[in-house]
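After this come two complexes, each holding chain A, first together with chain B and then together with chain C.
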Partner chain A sequence: MKTNPLLKNTSIGYKFFYYISSTFALILFLILWHITAISGKTMLPTPADTIWRLITIWGTEISNQPMIAHVGMSIWRIVSALIVAVLFGIPFGVAMGWNKTFRAVFKPIFETIRPVPPIAWVPLVTLWFGTGEIPRIIIIFMGVLMPIVVNSYAGVSMVPRLNIDVGRSFGAKSLDMLFDIVLPSSLGAIFAGVRTAVGTGWMVLLASEMLAAKSGIGFLIMQGTNNSDLELAIVGMVMIGVMGALFAYGFDYLERWLCPWKRS
Partner chain B sequence: MEEKLILQAKNISKTFFSKKGDTEAIENVSLNVRENEFLVLLGPGQCGKTVFLNILSGLISATSGEVILDGKVIKDVDTRIGFVFQKTGLFEWKTAMENVELGLKYKKMPKKQRAENAQKYIDLVGLHGFENAYPKQLSGGMKQRVGIARAYTANPEILLMDEPFGALDAQTRYSMQEEILKIWSQEKRTIIFVTNNIEEAVYLGDRIIQFTEQPARVKKEYDLSFLPRPRNYVDEEFLRIRTEISDNEDLTLE
Partner chain C sequence: MTNDSELLRQQARQQELKYIKNNKRKMMIFSILSITALLLIWHFVVTFRLVNTRFLESPVTVINTIITKFTDINPDGGYLHQHIIESAKVVWVGFLVGSLVGIPLGLFMGWYRIFDHLIRPLFEMVRPIPALAWIPIVLLFLGIGVAARSAIIFFGSFVGIVLNTYVGVRQTNQVLINVAKTCGASNFEIFYKIGIPSAMPMIFTGLKTAMGAAWATVVAAEMLSASKGLGYMIQMGRMYGEVSLILAGIIVIGIFGLISSWMIGCLEDIVLKWRPKNHEN
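Moving on to the complex of A and B:
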């Protein structure tokens, strides 16, 4: 990539340029948004109104629940589905990659269930568990489970041959091999799976909250739509963006904590 | 007086079978390894010498022939044989110390005891102060020092080294050659060292076994025990042997 020679990447000018350009893009985006809003041809609220709403909404109630309850509800749903999926999915994927017999028995079933979109489970799950929180979490669980299992499986089956050879020549027994070599080797892939799962999780969560729920960020967006309250819908969207970013930072932190050798 | 034989390879052949056709990598190689000698296996690139070393270690099995260690045929990996890998094979999630302790950990030695053992070899390879560094933080030469310390700490009778300095720059390579001889003279073990570098072979070996190009056969054996150590790369005798081996080497495009 070519860069302006005046902007040596160590110079203050270089940093200033990148700082300014990202701020500039953001300002441009807000200006275009504002112009679109005040043109009056759409129902779009202005950025200022939206930001004001985003601040004041924390002191108000939507459908008899404070904003924090809606956000908290969404987080609780996605986190509980994620925890169950991690607890079940990582051992399942690892076992499938590690043990031939386990793979022979479970891989065909798993490969058949995997392509079914989580939302397609709604009728079945509703039939068995009715409506409420448990079936919703089950559906989110189905969505987040797949990438976790797939990546754990791939991580374990793609452990470099060299690592296995080192283990063998230094006398690693089967359990040493699994816990001391194979699992640490595949930790990166497993983490990538959980990251992907979080993305899928938000999609399924939102879908489920927009379809049928009385709380949560997805519910806020639907509420905004139904009451022609676009501000509320946009506030919901912003909240998803903020939560997504927070989750991403959280996982970076977790990975650095669990994998000290990756810190530079 | 005949020295004690520690390892024997008898009529080792290896053929890789595949749908595209069979590849003969090693053809009927027999050799004897004496206790505590520095034996160099020299051959052109891709000639099958690494495959041969892997057979000695038990990591892969021969198509025919047998490996005899201390008078007994061995069929699988054996912790009496240590291995220094060309690509180091350090575990990036373990510190230098934890990597060096590996063999003892799998022998279930208590942590304190294995740390003491490991420390001795970490000091011997000159890595004192880097015990808690991760491989990522070490240079290529330092990584291979960890690899050597790791092999020594497992306390094997024989050390197999597969082009351990192949990936290093020339400067580091020379200093590592000197280093490995220093370690070997302090901690006598049998070393079987694979290389494609004739100068390195002449500098290091008590004996050199020269392989042909693929399929690998023993082409010639050179006894260099008459050449005093430390050897000098530009010594007249050194250069004469170097040229002799070089003239005898099969040419291959690597």
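Moving on to the complex of A and C:
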């Protein structure tokens, strides 16, 4: 841990102020929230009530399902969509970056589909597959697939020319080069793609759960909004934020484990 | 002797260029073929009744729907241009407010440590919450309408803009800062004359990502609550079981997403004229 250069040769009073200041904005935010809530002009619950609800909600049931089931449902949906997208998207993107013919055939199709936001597919997918778990996972899959394919493709096509030439001089076959040179050097870009995909995934998951679902965090937010139960809606917001942050940290660790050379 | 080798080298170079050109042409043909094949398969799958027209309409019908939708109000109660204008309005208002707040915030957070220290905890709290999750709060304060939807777009675009701007200003070359310091520039002068220009490319990256996010969010927001807009239109297409309207909506959304990011690309070219060509890509 490096010492903060701002804190060198400063008085204890300044140090104290420095550490207090980081919580200053948070405290101000909570005070403003509280004042807005008790002013009675809106139906906003007070921060204390919301925090209390956040704690007690784990012992209650919402729409005949315990809180943990809703959270678990959301996690299951996003994880299964991510796994399918990784299994399909990485080979697809790598093939697009590695093989010229493959790229020429599939890149134009891919580029035509790409600018359409994943949520726009919701009506079409529900029309084709109905409303159930599978269509919801398909929609999340479409959302997370794009960044994974794009980054895998970019990673493979940006492998330094020199590395490939070295491989060729040493007589590596095409497949050897793919697995020993190209894949390791594009792993970082692929991982960045997966990380972006996780962010997009939460967004799409939320949209699909808010539009039509009987469980999940998005359902909780919608339920809270429709029943004027804003505590529930805010608890849902907090939960989705916490889950998103946890997933991001999880992927950071996974990346450090898979790409040890990136540890610094 | 030297002339001969020079000549040989030139011939080799010309051959290489010719090869590259031929290859490029071959790839172009492949690309055109693949798109045509896709459209043909789509068309014939529908015309030979391999799928029910309840589930898929031919590309010709879809293009027809796009054209007639400009003059036909059915079944969703709006012309296509009204839907487009409504969506574009929401996207651009939310996006502009997002950039007007996000760029300065990112710049100050990146340059002034104390500012970073003050804002960061709050920002980190807001950051992982997807834009759509703000709907209940936004409904509470702004009701239903253009303002509410723009506010959701604001949340969708703001975070990406702040993060990219922040990284951009942090990556300012230390040598340039030292030079300015040696020449006696004040901290604010360095920030204004070196920090901000260095951050510009990253700011534009942020704007482009944010624009994509804004279009994705507007579709979802309009599907949840709106009476106009492209998201509303495709949702109505689903309600009335009109596949051609859904597909038309998807295509129009894609096109307008592209146009918006192209506009930002043009702005980038104008603002970043000083950047050497072929910088990236």
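Convention: the second predicted complex is superposed on the first by the 247 of 264 C-alpha atoms of A that agree within 3 Å, B and C clash if a C-alpha of one lies under 4 Å from a C-alpha of the other, contacts with A are read in each partner's own complex, and residues count from 1 in each chain.
The working rule: contacts are C-beta pairs under 8 Å (C-beta built on N, C-alpha and C of every residue); 3 or more make two chains touch, one makes a residue touch a chain.
Since the model is a prediction, treat every value here as computed from it, not as a measurement.
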item	value
Chain B versus chain C as contact partner of A:106, first or second or both or neither	second
Which superposed partner A:184 touches (first chain B, second chain C, both, neither)	first
Touching partner for A:245 - first (chain B), second (chain C), both, neither	second
Touching partner for A:15 - first (chain B), second (chain C), both, neither	neither
Chain B versus chain C as contact partner of A:256, first or second or both or neither	neither
When both partners are placed on the shared chain, which of chain B and chain C touches more of chain A	C
Partner chain(s) touched by A:214 [first = chain B, second = chain C, both, neither]	neither
Chain B-touching residues of chain A, taken from the complex the two chains share	162-163, 165-173, 176, 180-181, 184-185, 187, 259-261, 264
Chain A to chain C touching residues, read off their complex	6, 18, 21-26, 29, 42-44, 100-101, 103-109, 112-113, 115-124, 126-128, 202-203, 206-207, 210-211, 218, 221, 224-225, 230, 233-234, 236-237, 240-242, 244-245, 248
Residues on chain C engaged by chain A in the complex (per definition of touch)	23, 26-27, 30-35, 38, 55, 113-114, 117-122, 125, 127-137, 139-141, 212-213, 215-217, 219-220, 223-224, 231, 234-235, 237-238, 241, 243, 246-247, 249-251, 253-255, 257-258, 261
Chain A contact footprint on chain B (complex, rising order)	57-59, 77, 79, 81-83, 85, 87, 89, 91-95, 102-103, 105-107, 134-136, 150, 154
